[in-house]
Amino acid sequence: MIFGLDALSLVLILICAILALYIKDLMGSVIVFGAYSFLMCVVWTCNAAVDVAFTEAAVGAGVGTVFLVSTIYNTRRVDTYRKNRVLKQLFMFLVVCVVGSILLKTITDLPHWGDAQAPANTHVSAYFLENSIADTHVPNVVTSVLADYRGFDTMFETCVVFVAFIAIFALLRTRKIPAKDLTPPHTPVDSLIIKVASHLMIPFMQLFALYVVAHGHYSPGGGFQGGVILGASLILLAISYDFERALEYLNEKKIILFVALGVLIYAGIGVICFFLGGNFLDYSVLSKILPATDTIMARSHAMLGVEVGVALTVMVSMYGIYLCLSSNGRMDKGI
Amino acid sequence: MIEQAPILIVVTPLLAALFITIIGLYRPLYSWVLTIITFVITSIFSFITLKKVIETGTIRYMLGNWPAPFGIEYVIDHLNALIVFMIAVVGLIVAIYSKHDVKKELGDKIPHFYSLFTLLVTGLLGITLTGDAFNLYVLLEISALTSYALLALSKGRAYIATFNYLIMGTIGACFYLLGVGYLLINTGSLNMTDIFVILSNNPTSYAVLVAFLFIMIGMWIKMALFPLHSWLPNAYTYAPTSTSCLLAPLMTKVSVYVMLRMMTSVFNYNYIFNVLGWQTIIVSLAVIAILAGSIFALRQDNLKKMLTYLIVAEIGYMVGGAWLGNANGFTGASYHIIADGFMTLCLFLAVGCIIYKIGDAQISSMKGIFTKMPITMIGFLVGAFSMIGVPPTCGFFSKWYLISGAYEAQAWPFMVALLISSLVNAILFFRIIEVGYFQAMPNEDPEAHPKQQKYNEAPISMLIPLLTTAAILIGIGLYTSEIVTYLIEPFMDNFL
Amino acid sequence: MIILAIALIVLGLFFFFGTSIGILRLPDFYSRAHAAGKADTLSTILIILGCALFHLHQAHYDLASFHVMAKLFVIIGFVFIGSPTATHAIMDAASAAGVEHWQKKKDKK
Amino acid sequence: MEFIINYFNYIIVVIIMMIGLWGMLALSNLVKKLISMAIFQTGIILFYISMGAKIDSSIPIIKQAYDEHHHPIHQVINNADYANPLTQILMLTAIVVGVATLGLGLALTQKVYSEHKSLNEDEILESLS
């Protein structure tokens, strides 16, 4: 809870938000938006939400920016068309002002920032904090709530990633060779330095990602963050070499297979639970088949399994989405 | 296994979507069969659940075996058991229907289409069943993302229309999320029943009002209530036929159901009608929606686009009925969810058949269609009569309840709007009958190819779903009193 | 020890300041990227080193704090490889895209 | 000053959401619309995270003491010592959903571009009519 840093970053964030929408060059506004995301990470760390900050750094600032840049690469960087739409903008400004004033009026009704006695901080969340260790043996409450108490949410969240990948793949994937005027003007440079550097970094990145996935019970991290880092390492491979090299490791069929497999691991653990007599996702019954575990440790182990499923889906789908977006669906060459 | 039926309704299509994706890599044509099997199983499970709800009352299913406010729970009461059954049946019908159409329109993307299709239905089923406000958001996003993808799997103008839908849909979902945030900050809970209890005991603050307002606006955007409807007509018109057949009956109706759910089991019904007292404003909004939808529909020459504007008008029926604030109005609104679901489905299926054979849906190109495609037009007529409100189709009964609700609440404009809308529907559909039945085939000699000219029906896998839907429409109409007594009235006993 | 840590951090901040001035004042793309690439890497490394020492001091040199320091050193390694490579990639792309070099206004006389 | 500390985050939330909403509705470039969408979503995430903050609390990882057999020692956990985990989980979900929507939106943008050769809404509408 550092108010000063929080307030300073929030002011910077406002400036970034306005700049990102003001700049005419799309590449510029994407970069400013990346800065915006990183400042958001700082704010979330100030508010003690390290897991969220971690996810935002990996997903919002990292992969999100890469997606945006890929799209700009395949479309147009500067919008030359100008039409006067001041009236519409003014009207929308009025609408937004109405919404804003409704919200501003409620502010004084809300509990103070940082008030530990506010209803949101006492009712359900207090139960999680007080019982996480006893119920699941997991000190990182975020992980235990994410994968167990509200595991059903997380299953569908993984599903959202799956949907996004399948949707983008179905939309963009094409085997046609594009017309000349649609190919991006410049080809990527082929540099030895970049190859060697990424060669050095990729194994360590993957090792770190595995650590993040596996150590999510005790430190910030978990399936999403680890999965995104793994995905980023594959994206780095595709950027620094070329798509052929990257697709040697994970080709199109394998990508689809693994994306589905990850969700399947998650849902499969849930289904096993009700074949063993519990409710869906009631991991405690898994102690019947896992050796030497009581019902509480079974929850902890099952959470690890679930996180692996999440990481698999997220990794492969981020990589797949990047491939589709940056090559406009041709999967031959991109940025 | 019977106790697990509520969750199996959702998990079966989810698992099936994954298997369709994997199997589709090697055997793309199996995905159609798999989808049908999935929906048969889902329908069976939802029927079991429906029966159990009628016998024993509300079922609560705790996921992960965590007690209610801490874990996520599924609450199945009389109304949503019925709606879930409807969704599963609509899914099954559209799945059977889609075989030829998908092959024609999508080519090598068949497994992805079916995978997204099943996931969309999964999302809608989950939205209806869940008893957790945030879980609802996640499922809402699943159904939204899949619907964007399915709508955009077409060509041409579909992309920009879907893009607008994506922007509007995200605003809607975000407003809903913001509303849930305001609820969380006031109550500290996400479980709907728990929130209901806490809000009933608390003096109502301005923040609760804002929570309600934002959830409602979010849902109104999602269901395309009149001033917020602009995304719907284009998105549905340029979509692939099977997609619009699936989305038009389900997406908007599920949003209406979420609105009803929020009004009855999250916020206090008494709070909404006696403390806030917005009903006059919102019923007038509904009146405007009905009138505007009807007028825009009159202006269209494209049959599919005309139907999309009729959806906008029908949304007005349901919103108005729910906000009349009496038992008849509420019965009408919830009955109309079911009735309108099947009505819209029937009409879109018929239009799909026409597009499959003729190539477009312009009314002017439908000359002589009654002699050419008689079976399709029988289905179309049943749907049209239901839309107009001719007994014994179900459209008549829902309108009856709505009108008596309006009479009870003395909401004369709403009553007049309902009647005008029926009249407009009659004009619209008789225009098509006029073109299709009384005007001869254009510029071709009927004696040259008598066989081909006389009879050129859509394939059998498209006709059977259409006729089944038509039969269901009449069936629902005949069993109205049973549906109302056994399903809607027990639901209303909870809060009225 | 704490003095050393503070000195390192201040030195790091000084280089950061230099970077900012360089980005603002230098004439063309390449020299700006050069300022960003070099001084930025150095100052990041210095600041992280300072933080590591500071943490050691705060935690009274126990085992856990050495663990933290090891992690920070890994970060330093990454910055040391990553930052110059990124600068190189940007420069390479700029040169491939044909961004002109700055010259002392020879031809404008 | 008291007022500002108590409500500063919420005020910023409202302003960020206004910027994002305005951008989504009023700007004509499709990519900018998507960027505003992401800004709007971060506004909501900030709202949730702010409501879960507690002054003088640490991150929600419980410092557990163990005995010599590595069994956890039972200890009383004070709710006010740790930040609220619930809002953080909800927002993890929201971030992932946000990036999924962004990806899909970008894919649609590319499709729109290959269809209409433009990223500007007005220009596309003009070419359609």
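Think of it as A, B, C and D in the order they're written, each chain with its own count starting at 1.
Please note the rule applied: a contact is a pair of C-beta atoms (placed from the backbone, for glycine too) under 8 Å apart; a residue touches a chain by one contact, two chains touch by 3 or more.
None of these values were measured; they are calculated from a predicted model.
Chemist: Among the chains here, which has the CA centroid at the largest distance from chain C's centroid?
Modeler: Greatest centre separation from chain C goes to chain B.
Chemist: Please find the two chains that have the most C-beta pairs touching each other.
Modeler: Looking across every pairing, the one with the most contacts is A-D.
Chemist: Roughly how far is chain B from chain C, centre to centre by C-alpha average, rounded to an integer in Å?
Modeler: Going by mean C-alpha positions, chain B sits 57 Å from chain C.
Chemist: Between chain A and chain D, what is the separation of their C-alpha centroids in Å?
Modeler: 11
Chemist: If you average the CA atoms of chain B and of chain D, how many Å lie between those two points?
Modeler: 30
Chemist: Among all residues of chain B, which ones touch two or more of the remaining chains?
Modeler: In chain B, residues 134, 138, 141, 145, 148-149, 152, 184-185, 190 touch at least two other chains, as defined above.
Chemist: Which residue numbers or ranges of chain C touch two or more of the other chains?
Modeler: none
Chemist: What are the residue numbers in chain D that touch two or more other chains?
Modeler: Residues 17, 21, 51, 86-87, 93, 97, 100-101, 104, 108-109, 111.
Chemist: Once the touch criterion is applied, which pairs of chains come out as touching?
Modeler: According to the stated criterion, the contacting chain pairs are A-B, A-C, A-D, B-D.
Chemist: What does chain D use to touch chain A in their complex?
Modeler: 5-23, 25-29, 31-32, 34-36, 38-39, 42, 45-46, 49-64, 72, 77, 79-80, 82-89, 91-93, 95-104, 106-111, 113-114, 118-120, 122-123
Chemist: Which residues of chain A touch chain C in the complex?
Modeler: Within the complex, chain A contacts chain C at residues 186, 188-189, 191, 193-194, 197-198, 200-201, 204.
Chemist: If you look only at chain B, which of its residues touch chain A in the complex?
Modeler: 4, 7, 11, 14-15, 18-19, 21-22, 25, 61-66, 69-72, 109, 112-113, 115-116, 119, 122, 126, 132, 134-135, 138-139, 141-142, 145-146, 148-149, 152-153, 182, 184-190, 198, 205-207, 210, 213
Chemist: Would you tell me which residues of chain A are touching chain B in their complex?
Modeler: So the residues of chain A in touch with chain B come to 102-103, 105-106, 109-111, 118-125, 127-128, 148-153, 156-157, 159-160, 162-164, 166-171, 173, 253, 256-257, 259-261, 263-264, 267, 270-271, 274, 278-284.
Chemist: So in the complex, which bits of chain A are touching chain D?
Modeler: Contacts found on chain A: 1, 3, 6-7, 10, 13-14, 17-18, 20-21, 26, 29-30, 33, 36-37, 40, 43-44, 47-52, 55-56, 59-60, 63-64, 67-68, 70-72, 74-76, 79, 81, 83, 85, 88-89, 92-93, 95-97, 99-100, 103-104, 107-108, 110-116, 118, 120-122, 124-126, 128-130, 132-133, 137, 139-142, 145-146, 150, 153-154, 157, 160-161, 163-164, 167-168, 171-172, 178, 182, 218-220, 224, 314, 321, 324-325, 328-329.
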